[in-house]
Amino acid sequence: MEREIMFTGIGGQGVQLGAQILGLAATREDRHVMLFGTYGGSMRGGNTDSTLVVADAPISSPPIVSTTWAAVSMHHQYWEPMRRKLTAGSVVFLNSTLFEEEFDRTDLQVIEVPATELATEIGTPLAGSMAMVGAVAAATSIVGIDSLVQAMEESLPGYRKQHAADNEKALRAGFEFAETDVAPAWTQREDSNGDG
Amino acid sequence: MEREIMFTGIGGQGVQLGAQILGLAATREDRHVMLFGTYGGSMRGGNTDSTLVVADAPISSPPIVSTTWAAVSMHHQYWEPMRRKLTAGSVVFLNSTLFEEEFDRTDLQVIEVPATELATEIGTPLAGSMAMVGAVAAATSIVGIDSLVQAMEESLPGYRKQHAADNEKALRAGFEFAETDVAPAWTQREDSNGDG
Amino acid sequence: MTRRLMEGSEAMAEASIAAGCRFFAGYPMTPFTELLESFARRLPEAGGTCINAESELEAVGMAWGAASTGARAATGSTGQGLSLMQESFSEMTRAELPMVIFNMARGQGDYFQSTRGGGHGDYRHIVLAPADTQEAVEHTQLAFDLSDRWRNPVLIYGDYLTAHTSESVEIEPMEFPELPEKDWAVDGTLGGTGRSRTVNPLGVDKQSAGIDPEALWNRLQAKHDAIEREEVRVETGFLEDAEVVVVSFGGVARFVRHVVRSLRQEGHRVGFVRPVTLWPFPYEAVAAAAESASRVAVLEQNAGQMIDDVKIGVLGRAPIVAIGGISTDPSGFGVGDILDPAVIHERIRGVLSDA
Amino acid sequence: MTRRLMEGSEAMAEASIAAGCRFFAGYPMTPFTELLESFARRLPEAGGTCINAESELEAVGMAWGAASTGARAATGSTGQGLSLMQESFSEMTRAELPMVIFNMARGQGDYFQSTRGGGHGDYRHIVLAPADTQEAVEHTQLAFDLSDRWRNPVLIYGDYLTAHTSESVEIEPMEFPELPEKDWAVDGTLGGTGRSRTVNPLGVDKQSAGIDPEALWNRLQAKHDAIEREEVRVETGFLEDAEVVVVSFGGVARFVRHVVRSLRQEGHRVGFVRPVTLWPFPYEAVAAAAESASRVAVLEQNAGQMIDDVKIGVLGRAPIVAIGGISTDPSGFGVGDILDPAVIHERIRGVLSDA
Amino acid sequence: METVESRGTVTVSVERCKGCELCIPACPPVVLSMSSEVNKLGFRYPELSPGCTGCRACLLVCPDFVFEVFRFDTPVQHEVAS
Amino acid sequence: METVESRGTVTVSVERCKGCELCIPACPPVVLSMSSEVNKLGFRYPELSPGCTGCRACLLVCPDFVFEVFRFDTPVQHEVAS
Amino acid sequence: MPDSISNTLRTDVPPAEPSKKVGALKPELLLKENHHLCPGCGEPLVVRMMLEALESLAAQQRTIGVLGIGCYTAFGSTLDVDLVQALHGRAPSLATGVKRMRPEAMVFTLQGDGDMVNEGLQEIIHTAARGESVTCILLNNGVFGETGGHMTATTVLGQRTKNSLDGRDAAYHGYPILIGDLLAQLQGTAYAARGSVHSAAGVASTGRMLKRAFESQARGEGFSFVEVLTMCPTGWFIPTAKGPEYLNEVMGEVHVTGELKADGVLTTTEQLRERGAAKD
Amino acid sequence: MPDSISNTLRTDVPPAEPSKKVGALKPELLLKENHHLCPGCGEPLVVRMMLEALESLAAQQRTIGVLGIGCYTAFGSTLDVDLVQALHGRAPSLATGVKRMRPEAMVFTLQGDGDMVNEGLQEIIHTAARGESVTCILLNNGVFGETGGHMTATTVLGQRTKNSLDGRDAAYHGYPILIGDLLAQLQGTAYAARGSVHSAAGVASTGRMLKRAFESQARGEGFSFVEVLTMCPTGWFIPTAKGPEYLNEVMGEVHVTGELKADGVLTTTEQLRERGAAKD
């Protein structure tokens, strides 16, 4: 089974890092993973999105997909292109603190997560994407929270290690917030085969 | 009639200037003229040659020729490639002061001109090419000496005008030296037609 | 070594080091930047040197110097930066220097530049165009080998996808047949012996009176012909009864392969030819595929460049349809609309229905 | 003005000035040097500016700046220098800047670079390849016109012969149909009005949120197609019953024309096609000539570049024989053995006897 | 209660603020402080307390062109909790 | 007749001389002068008169590597017309 | 902190009380105030001061700008003056061509340190040596901002960048170039100064330098140059609020601010540093 | 002229009298003495001194040279040391790559002023700033010799060249660059000097500078640089015999000779000029 999860937001919101951590966590759990991110010209403030494919067997999909199983939106800006990739039943995670657009598709499973708010409460509004990823993990069981925390620690470059504690808090806050397994990624957990 | 005259020598011997003056003089006399020079990498000391085509009608030849009516050699270095372009009856002018190679082709009309010596006598050994061009003019009547002197004056860049007097002396010395019309360029002088 | 989740850029740097690369110089530019960063981080640990060159011109010069000493050296850039290096690429090829060049391109608009040489004069690089991360790892190692073997630069045509896709890869040093000794490389030890060496693009040898272009050229031309004979690489799929043959390369070919596979599942008679080496180009494979096809579709992410080579291969055997186009994404990074399986699916369907 | 004995370089500079060129920048390199010298001497007298740029990169930048103001501007170089300018050529074309580029080449090895763009990305220059001095004068003036008309760089492919052959020429300003106004050019006067201008290769307009590559590209592509339709120029001779057709361009074509004429006098059924514009290439003329010929011979002074275009034109209609080769003269200036009527005569005879 | 005088004031385009906080230490009378709420981009933004002098420092250091500065014709008095 | 002492001497590779004359003013005792004949390349070349000190100045300034310089173990005397 | 802090005032509308606007939202020559540069970036501040300097000289309708490639390039769509977009490093040559054809125009370049001191070092030096009558403005943040914070030729020793994570090391990476000093000493340079936007006073003084540079160009004195140290918290990997302090203490110690050439007087950075030290 | 002049001595063979050879025809590291450079050219003199300096340091078998493109390039076929031929302007970068991979080698570049100060200005400055442990040698004749005598970035004001026939004019062509001064002040530069070959003393002193530069490289002190003023009578359009005088009086007045940085002491050209003036 190949599960596509696409992330979108404004540069600086931690979209790439969020996807990366989720991918790394899945790798730790012996899933097959493919991850591809794009961002606009300047470092922050532009559009940014990331496509993560997690599978229980070698991946056949190319790194850009036409349809996605799940979508994560940290902000309504730049959300438009993603909308087109949703199919009936797609799971949509919205950062309800900032997401302001009308949302009129009833064929989707929408999960609202006040990610920025959760992070702000911890004192680091910019860790919103961590809270979101935590929520995704809870709602989909695509990875476990411990893998996530470990992956986050691995991913932080040396000069950002000081953020680890806050990030972990945000991951856990998101994980706590979301209802468990409301949109399960795997019908049943298969043990990783030798290929993983 | 198209008359090819090729010049060769060592860079710095005035080969290009010599050919240019002859070409300019021919233009002054309403001939059709094409002139093309090549030289090696560094400014002086390498090979240098020049191909001059003078005609009494528009020229059909490309700027590089396979055979030449006349050849002028200021030095035996780099003479080899020219030798191949000589056909039976070609006129060869040798700078006998410096030309040192054996010369075994009997089908050619060889005219020896101690050009460097003539110039050295005037006090400017480097004006050898002027003496040679003077001799070519005399021997072939391809142009007259007055056109030659005028062309030389026109050709000198501003910063070299001081050489004009010595150059003129050398031109005339060469012109005096060579036997008049021993290798006439034109069977008979046609008046320039409107095309000139 | 086991499989690790690694970004393409990092994987290529690791593969280079595994292949013995000891020198890299580059200047940041998206999507080449991460390759440079990976080299900067990893080469010193491996006993090599990575210089953050002050410009692409300086980067290629440094790599040239390093390669002259016999070290396995590489450089690279993106678009503009590659253009700046063309003078050096041309002359380096004449100097018969091994060198690996990473073109982390924005789209596929550099096909002409890569395959015909963007610089002055006659020269060619061997061009490898990997389609995914694992292949990028293998091509990287192959590139160092081919480059030393032929004493000719080898260019890897990557792109934003190659650079930025993370996948599980395995990096094992590959085995290659033994290479000739680098007796031409300068190490300074032969000065004063009358046998000192020259690495020279002008064809000037020690003691020579000047350039001997004929000898130089005959050697280069013979090498060129040999490479064209021996180094063609191509991947084909589903060609047997294909009515439509799709030709594409590099990252785009990965999409095409995926889409063709699904079209076959839907019962369409479509196959693909994927030049793995862009130079030498697999003219024969394209010609063979065109023999029985009723249409050849060319999908490239540019205004139409490889199509020239496809035409030369097909030589009128079948009509050729361009179904690609330049990448029009606003980032300018070459990640435009074409890179969508659904779009490619539709375009190939279009050709199928005309066929 | 009457005919004067003038070196090609000087004649091209004079023709540029007659065409209204007011800016030139360049850096010396054989055989481009004399063109620069002529501009340096003559432009100031004509009220223009010639800068002895400190490098080719700076030369092309200066010309770019000058062209942005709407002035007729030109630059150029030889081989290496042109390679260095490729980044700018590519982007200048995207910025839709008129510009005349003189490639005073060493031989014909820059065919690919000139016709396909040596830089990154998709772009083309119109390429004119004069065969003699008088034509160089006309092409120069035409180049300024076409460049303004299409807002696209036009490259003149000259060589050592074009640069250094002195012939009697006549330089009269040529007449061209009226050109569109240069309302895109910057003069500084629209600042603060909300209508200020941008000369921009990135496709960024004032007030835009960023790059709009689609609009830019559609415009460029439409222009590209229109140029291919409207600007093909070709010279043919003796084709009627020709068994062998010789294709050649530029200075070399002058030799071919001369030799074919003499072969016809000797009774041989040989004709020639000479692309005058190298891009757009006269594919149709080549195809038509190949239709009835039993052999197409390509004589170019390089390792085989235009032959690709000839193949695309001929598309298998007749066998194609390469009878050229790189210039192997020791000066390195591209004045090698091929440039000899006797040699060309012999090579064409060889094809005739096989035909 | 005590009285604080404002010789000037500012407007803040809250929705464009990116929360960089450069204005906070730049304000000589220290009358700017970051909000506890975030704006729609997710950033905290400056809030003004009485005592502005209209010196323009905030405007000069703000990279996002968030401030306009006004100087009162006559200073305005504010009553504040002491 | 008078006697001039040479503490040194030089060899001159006449056929490689390009007649630049740089050696002439460089020679401190002024014992070099240009020939009236030309060599096979068409250039005049330096000739040596007695009085060389073996100082190497000519060698140092000659761009064409024409000179070798020797210093006599004991100075050599030349008789010259006065 | 005074306790008045709890008394938040309205800042969403201009004051009701009679007042005079003493600071505008944005310069007139900026089409819109929005931009995508990072929080805490120093570059927009220079754009403001530059435009205000041009406005104060009433040069609106005789200005042509040439932009380099870096983060500031984003202002290409909002600067309301005629513009030419250059390639990375090439702006001074373009400006040369522009000025030669439009001698009456005020011509400037806007470039980053990567653009000017790395990729385009040669162009800026030759343009200065030629005494070209243009004003070149350097936004010096010591890193390539746009590509993600890599070392440039102005990065100071010990400075942490993406490819000098342990700080720039002289032995491996070499020394920073004091570009202002190199340019100031060229005969073609009429005016050269180094400002900084780490504080309001620095921003104001940068504005004065920019104005003097443009005035010098208007008088046709030769080449003029203003370098401005700007924060790049993203590329420095520090919290945005720490930018000004870092700028001042790390970069400002090496690239000391002040006028380097004005009215014919040359002042080296060394001399500026000594003067600064004397004042301390 | 002493009348001994009429008594021409034999110079075709070594002396018969007992004697010691004190000056060899050519340096050992030169494969043959013939070359095609013009009469009166100053470049071969620098080649001689450079090779002799390497010989005196016994560096024959650990030297790698990188050649620029100019007239001196012709020595590529006769220098008996390992060589890499660079493109015009690019030698310092090549030398960087060579040195990093062969740190034990003595690495030098040989470049003309067109090569180094025009086309390759950026490379030489960055290489110096990086403190790269190579020795760069500049043959400064103030013109592009090989292409026929055009103005370069070091041509002095008033100097006549093929494209400044009425002399270099500051207003139109700009000012010359004192490259030695720019390089000397960079922190990465350990040694910088400017010599001249207009006289035997100048040649000898140039030789000492070259030796000091190589010694500095051997000690690993950083970047070292020797600029040498050389005659180019062809490009200057003057009689060959006038070369040295012209060099000294025209170029030498601006590019004053002396050591610009040695043992940590920086000396500007201005200071050298003052010292020279003081001596007069």
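For clarity, chains are labelled A, B, C, D, E, F, G and H in written order, and residue numbers in each chain start from 1.
Just so it is clear, a contact is a pair of C-beta atoms (placed from the backbone, for glycine too) under 8 Å apart; a residue touches a chain by one contact, two chains touch by 3 or more.
Remember, predicted model here, so these are calculated numbers, not experimental data.
Here the chain-to-chain distance from subunit C to subunit E, counted in touching steps, is 2. Chains making contact with subunit C as well as with subunit G: A, D, H. Placing every chain at the mean of its C-alpha atoms, the farthest one from subunit C is found to be F.
Subunit D and subunit E have Cα centroids lying 62 Å from one another.
Once the centre of each chain is set as its mean CA position, subunit B and subunit F turn out to be 37 Å apart.
Chain centres here are Cα means. That of subunit A falls 54 Å from that of subunit D. Note: centroid distance subunit F to subunit H, computed from Cα atoms, is 26 Å. Among the residues of subunit D, those touching two or more other chains are numbered 54-55, 80, 87, 91, 202, 210, 329-332. Multi-chain contact residues of subunit F (touching two or more other chains): 18-19, 43.
Annotation for subunit A: residues touching 2 or more other chains are 40-41, 45-46.
Contacts from subunit H toward subunit B in the complex involve residues 35-39, 71, 74, 145-146, 148-149, 160, 165, 234-235, 237. Put simply, subunit H touches subunit C in their complex at residues 28-29, 31-32, 54, 59-64, 66, 76-87, 90, 92-102, 104-106, 122-123, 126. Here subunit H touches subunit G in the complex through residues 118, 120-122, 125-126, 129-132, 153, 170-171, 173-177, 181-182, 185-188, going by the rule given at the top. On the subunit E side of its complex with subunit A, the touching residues are 18-19, 38, 40-44. Residues 87-89, 118-119, 121, 144, 147-148, 150-151, 153, 162-165, 173 of subunit G touch subunit C in their complex.
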